[in-house]
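Take a look at these structures.
Heads up, the next two complexes both have chain A, just with different partners, chain B and then chain C.
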Partner chain A sequence: MKTFISVVAVVILVWTFFPVYYMVLLSFTPTNDLFQPGLYVEHPTLRNYVYTMGQDNPFVRYFWTQLGTSLIVSVWTMVGVGAVAALGSFAMARMKFRFRGYVSGMTLFTYVIPSSFLAIPFFKMMGDYDLIDTKLALVLAMITFASPYALWVLSDYARSLPPEIEEAGALDGAGTLQTFFHLYLPLIVPPLIAIGTYAFLYAWNEYLYALLLLTGERNIPLPVAMSNFLTTDNAPWNLLMAVSTVYSIPPVVLYYCFKRYLVSGLVSGAVSGS
Partner chain B sequence: MRLWMCLVLLITVLMTPVAPALAADKLVVWWNKGYYPEEDAAMQKIVKDFEAKHKVEVDLSFTAQEDLVKKETAALIAGRGGDVMFCFYNDWQIVPKFGWDDKLADMSDVIKTLEPRYNKKMLEVAYVMNNRLKKRAYYGVPIEAQTMHIHYWRDLLKEAGLEDDPAKIPMKWDDYWGHWKKAQDALRKKDAAKYGKLYGVGMTESTRATDTLYNFEMALLSYNGELLDKNGKIVAGDPKNREAIIKTLKWFSDLFTSGYVPPDATNWTDGDNNAGFHSKSIVMTPNPSQSIPAAQFFNKEDPQKDNYFNKMGTIEWPDGPDGKKARYLSAVKTIVVPKYSKHQPLAKEFIKFVLEPERFMEYIKAANGRWFPAFTDLAHDPFWRTGHKGPRGEKDNHIPVATTIFLERDNKVFEHYKHPAYSVVYDENLWGKAMARIAIEKWTVEKATDEAIERMKAIFAQYK
Partner chain C sequence: MTPAMREGVLAAPSRVRLSPFRSRTLQGLLFTAPLLGLFAAFVIYPMVFGLWYAADLDSYRGIFSDPVFQQTVVNTLWYVGVAVNVKLFLALLLSGMLDYRYRVVKILSALFLIPWAIPALPGILSFRWMLNSQWGIFNHLLTKFGLPSVPWLAQHDTAFGAVMIFHIWKYLPFWTIIFLAGRRAIPNELYEAAAIDGAGVLQNFMYVTFPLLRSLYLICTLLSMVFTLGDFTVPWLMTGGAPGDSTHVLATLAYRYTFAMGRLEWGLATFAVAMPVTLVFIFVLMRWVKI
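Up next is the complex of A and B:
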C-alpha cells in the first residue's frame, strides 16, 4: 500500500511539475531548436532572459512597465480585499444589525454568476464613471470578485474568537473602532495574510478584465501583453517562456514569505464550528 | 479622530496610483497589432502626421486580433470605447453582426470618396444589412486582403527527385495532390530516420482553426458547390450543392485517412501548419496569407534569405476535378467606426488620411506583402508584380503569385457580407466540426453533411 501511494505521489508530482519544467526548459532553448522537442536543452542559452531584462525585443519593449502594472494592481487589490474583508468580517461576526445572517449568506452567492458574464456590464459601468483605461478600474473589479471569498473565510474565523475579548476592551473604555484596530485586527493577522495572498494571486493572474479595461502597451499588465507574442505566425515561444518564468517569480516569493500563515490562515474558517 | 484621519489617508493613498482617467477629447484608435514591428512603426508615423496636420490628439493602441475582437465586442455592446477600430477579424466577426444591429457608423460617404480607387470585388465585404433600417449600406472601409496560396519546400521536392519548378508542377486535381504524396513516399523511402515523421500535405482540418474554413470553401468551389445564393439565402441543401459538400468532405476525409496528412492536423490552430512548415515536417501547406514566406524573409538565422528565394515555392490552388481553373476566395480586412463615437467626422477624416495612396502604400509594404491592397492604384505598384529582389539577384517566388491570384483569377470575397448568420457559421466552425465527425467520430459523410446543413439553417432562422 505504501509503495502504491508513493508511486501515485510521484506520478502526481511529475504531472504537476512537468509543465513548469517545460516552461523553464523552453526559456533556455535557442530558436533553431524550438521544434525539436526534448527533455533537456542541447544548446542552452540565456539570450531570452537578456532580451527580456534589457527590453531588447519588440515583444518585451515595455516589460518592466507591464510588470509594474501587474504589481501595482495586485498590491492594491490585496490591500483593498484585506480592508473589505477585515471590516466586513468584523461587522458580520462581531456586531449585531438587522439582516446580518442574510448579508453573510449573500456574500458567496455572488459566485453563482461567473465573472466573465459580468465583464460587459462592468465595462459599461466603468465607462460611466470614466474609469476605463485606469488601473483603478481593474483594481475595483478585482476587489469585487476576490472579496466575497475573503469575507467568508475571515467571518468564519472571526466567529471563532471568544467574545470576552471585546468585553475586556469595553471594560477599558474601547469604542467600536478602537476594538477593531487594537483588539480585533491583531488577532486576524494570519487569515488576513492568507486572503491577502489569495487576492494578490487573483489579480496577478487576471486576464479578461485586464484586457477589457486597459488599453495600450504601456498600460496593460504582463498577462495581456504576453498574448501579443502569439500575434505572429512564428510565435517566439522561448521568449514567451522566459517572460512567463520571470512572471512566476513574485508569487513564489510571496508564497515563501507568508508560507507559515497560508495553511493555518486558509483553513481557519473551516474549523470554526468545532 | 486620529483613526478617521488614518482612514482618510489610506483611501487617499489607495487612489494615488490609479487616478488618471480617459481623456474625452482624444480620437481613440484601436488598431490590430502588426505581424511585424515595421507595421506598427508605420502606423505610429501616420498618427503623428495626422496629429500635426489636424492639431488633434490621437490615442493609438495596438492589440492582438484575438483580444481586440473581444474589446470591440464589449465596446459596441456597452456603447463606449475606441472611435476607430481596425481588427483583422472585423470583416467576419464585427461588420455583418454589428452592422445588422445598427451599432456601426454608416461609412458610405467615405466609400463614395474612395470608390474610384477601389478594386470593386473587394468593396462588397462591407456592404451589409442594417436590420433596424432594413437596408444595406457600407458599415466598414475595406483596406487590404488575403487569399489562398500553397507553399512548398522546393529543396524537399528536389531531394525526392520530383519536379520543383512551380510552372512544371502538375495542376490537374489528382496529379497535383498526388505530387506531394509522392514526395512523402520518396523521402521516407530514401531516409526513414530523417523523414519518418514527414508528411506530404499540411492540410488543416480542425475545429479550432479558421484555416479549415478557408480550405473547405476553396475545395467546395473546386467541386462547384455553393452555400448561399446572391441574396444570402441558404442553398446548401439543394441537391447539387449537397452533393458538392459531400464530395468535398469525403475528399478531406480520404486525404486525412490516407496517411499523407499529419495525424494532429484535426487539432491544429491557425499557426500550426506554419510551424510544421518551418520545421520541415510537411512538404506543402495551403495558407490563406503570405505569412509563411514573410516569416522566412525575416528569418534572422538565414541572413542570405536562401529559404525565401531558393528553397521555398508558392503555387496556386489546382484546377478543379472538372478541369476548370481554380476559383478563389479573398478575406478583405476592414476598418469600422462605432455608431456611439462622438468623433465620427474626425474618425472618417483619419481613415481617409491613412488611406491616402503614398501613406497607405508605406504601411502595407511594411507587412512585407502579407496583405494585398484593396485599391487598384496601389495594386499597380511594381512591388506586387516583382516582389523582393534576392541578395544574389534572385526573383521573388511568392508575392507575384498572390498578385496573379488577386488580379487575374476568378476571385470573390467571403460571403458573410450577404447575411450576418453566416459569420456565426464561421464562429461555430461548422465545416471543421463536420470533418471531425467523419475523421474522428466515424460518421458517414452524408450524415455529417446533413447535420451541418441543418445547423446552418437553424442559425439563419435566428435572424429575422
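Up next is the complex of A and C:
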C-alpha cells in the first residue's frame, strides 16, 4: 500500500510541477537554444530577466508600468473588499435586521453568477460613464466580484465571536460605530488578512475585465500585456516566460506567507475557486 | 473545523446567538449599503441591461443557425459536464491519499497548491509552448521514440482536450484541499467502528466517507459547474477559439461576437441562452448555502 501511494504521489508531483518547472526553465533559456527542446537548460542565462527588468525589448517596453498597474489595481481591490466586507459582516453576523435574507441572497447570487456573463454590459456601462481606460473601472469590478466570498468568510468568523462584544460596547455607552471600530475590527484581523490576500490575488489574476476595460500599452496590466505577445508569430517565448515567472512570484509568495489563514479561511467559510 | 462542515453543509446563521440584539433594520442596511450599492450598480443593472438587449428574437435565430454556436454549446457541455466532474472525482480520490502521513505525501501536500496559487496565464503559456507542434517538448519526445508528431493545438479534439486538461491541472489542487478538510472532519470513531466490522479501504469509502461527504461533494459540483460555465480565461488563452473557431466556449464566443464581429446583441444572447440553467443552479445553491 505504501509503495502504491508513494508511486502515485510522485506521478502527481511531476504532473503538478512540470509545467511550472518548464516555465522557469524556458525563462533561463537563451534564444539560440529555444528551438531545441530539452528537460534542462544547457546554457542558462539571465539575459531574459535583464531585458525584462531593463525594458530592453519592444515586447517589454512598459514592463514596470504594467506591473505597477497590476499592483495598484490589486491593492485598491484589497482595501475596497476589506472595507466593504468588514462593514457588511458586522451587520450580517452581529445584527438581526429585516431584509437580511435578501442581502444574503444577493451576495450569494453575485458570488455564484459567472462574472463573464456581466462583462459585456459592464463594459458598455463604463463606456457610458467615460470610465474606460481608468483603473477605477477595473477596481470597481474587482471589488464587486471579490466581496461576496470575503463577506462570507468574515461573517462566518464573526458569528463565532462571543456576544460580550456588543454587551461591553453597550456598557461603555458606545454607539454602533464605536463598537464596530474599537471592539469588532480588532477581533477580525486574522480573517481580514485572509480575505485581503484573497482579494489581492483575485485582482492580480483577473484577465477578462482587464482586457475589456484597459487598453493601450501604458494602461494595461501585466497579464493583458503578456497575452498581447501571443498575437504575433515571432513572440519571444523565453522572454515571455521570464515575465510570466516574475508575474507568478507575488501570488506564490503571498500564498506561502498566508497559507495558514488562506486555507483555513477557505475551508471554514466556504469554497471559492473555479 | 466547524460542526457544520462535518455534515458537509455550510453553516446557517445561528438565531440563538443573535438573540441578545434587537432588530435594527436601518443600521443593518447602512452597514451593508456599500455592498448593496455595488451589487445593484454592477450586477443587477448590467444583468437587466443585458437581458433587455438580448430580448430580440432575431439574435437567437441568428446564433442558433450559426454552426460555430452549435459547436460551442457542445464544447461547453464537455467542459462543464466532463472536465469539471473528472476533476472533482479525482480531487475526491486524491484527498484520501493526502490523508496518509508518508514523507512523499507530505512533500506533495506542501507543493500541491502551486498550480492554483500561480495565475492562469503563466501556466497556459507553459502548456502552449510544450504543445507547440514544431518546438514543443511533447512532439520532441514523440519523434524521439519514432512516433508521428501531433498538431496538438491545430485540431479540434486535442486543442479542446488541452483546455480541459489545463482546467483539471489548475483547479484540482483547490478542490482536493476542500475535500481533504471535509474528510478530516469525519469523526475517527466511525472508522474505528468500521474496522471492528472488518471494513477495508473500499468499504470505508463506500459506507463511511462518501455518505458523509456527499452533500459537500454535491455543493462543490454545482459551484464548480457554474464557475466553469462562465470561464473565459482558460479557453481564450489556450486556443482563442482556434482552429477555425471550433474550440470556443460560451464566454469566448460572446467576446468574439461582440468585439470581433461587432454584434453586441448576439454576444448578449449567447449569455442569455445560458441564463436559465445558471439560475436553476444558483437557486438550488441558495437553498443549501447561507451567508
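Just so we're on the same page, the second predicted complex is superposed on the first by the 258 of 274 C-alpha atoms of A that agree within 3 Å, B and C clash if a C-alpha of one lies under 4 Å from a C-alpha of the other, contacts with A are read in each partner's own complex, and residues count from 1 in each chain.
Convention: a residue touches a chain if its C-beta (ideal position, glycine included) is under 8 Å from a C-beta of that chain, and two chains touch if they have at least 3 such contacts.
Values in this document were obtained by computation on a predicted structure and should not be read as measured data.
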* To do: Using the overlay on chain A, decide if chain B and chain C clash or can fit next to each other.
  => clash
* Which superposed partner A:L230 touches (first chain B, second chain C, both, neither) -> both
* Give one of first, second, both or neither to describe whether A:V79 is in contact with chain B, with chain C, with both, or with none. => first
* Touched chain A residues, chain B compared with chain C -> C
* To do: Pick one for A:I120: touches chain B only (first), chain C only (second), both, or neither.
  => both
* Asked: Touch check for A:T144: first (chain B), second (chain C), both, or neither?
  -> second
* Looking at the overlay, what does A:T107 touch: chain B (first), chain C (second), both, or neither? -> second
* After lining up the shared chain so the two structures overlap, which partner does A:L26 touch, if you call chain B first and chain C second: first, second, both or neither? -> second
* chain B versus chain C as contact partner of A:G216, first or second or both or neither -> first
* So, A:L131: does it touch chain B (first), chain C (second), both, or neither? -> first
* **chain B versus chain C as contact partner of A:T52, first or second or both or neither** => neither
* Out of 259-267, 331-339 or 385-393, where does chain B run into chain C after the fit? -> 259-267
* To do: Show which residues of chain A both chain B and chain C reach, each in its own complex.
  => 35, 83, 119-120, 124, 208, 227, 230
* To do: Could you please specify the touching residues of chain A with respect to chain C in the complex?
  => 2, 5-6, 8-10, 12-13, 15-17, 19-20, 22-23, 26, 34-35, 37-39, 83-85, 87-88, 90-100, 103-110, 112-122, 124-125, 140-141, 143-144, 147-148, 151-152, 155-156, 159-160, 163, 166-167, 176, 180, 204-205, 207-208, 223, 226-227, 230, 237, 240-241, 244-245, 247-248, 251-252, 255-256, 259, 263, 266-271, 273-274
* Structure fact -> In the complex, the residues of chain B that touch chain A are 3, 10, 14-15, 17-22, 24, 30, 33-37, 40, 59, 61-67, 70-71, 73-75, 77-82, 270-271, 274-275, 278-279, 281, 291-292, 295, 300-301
* Under the touch definition given earlier, write down the residues of chain A that touch chain B in their complex. => 31-32, 35-36, 58, 72, 76, 79-80, 83, 119-120, 123-124, 127, 130-137, 139, 177-178, 181, 208, 211-212, 215-217, 219, 224, 227-228, 230-235
* Structure fact -> In their shared complex, chain A is touched by residues of chain C numbered 1-2, 5, 10-11, 13-15, 17-32, 34-36, 38-39, 42-43, 45-47, 49-50, 53, 94, 97, 100, 102, 104-105, 107-108, 111-123, 125-130, 134-137, 140, 167, 169-171, 173-175, 177-178, 181, 219-220, 223-224, 226-233, 236-237, 240, 251, 254-255, 258, 264, 267-268, 271, 274-275, 278, 281-282, 285-286, 289-291
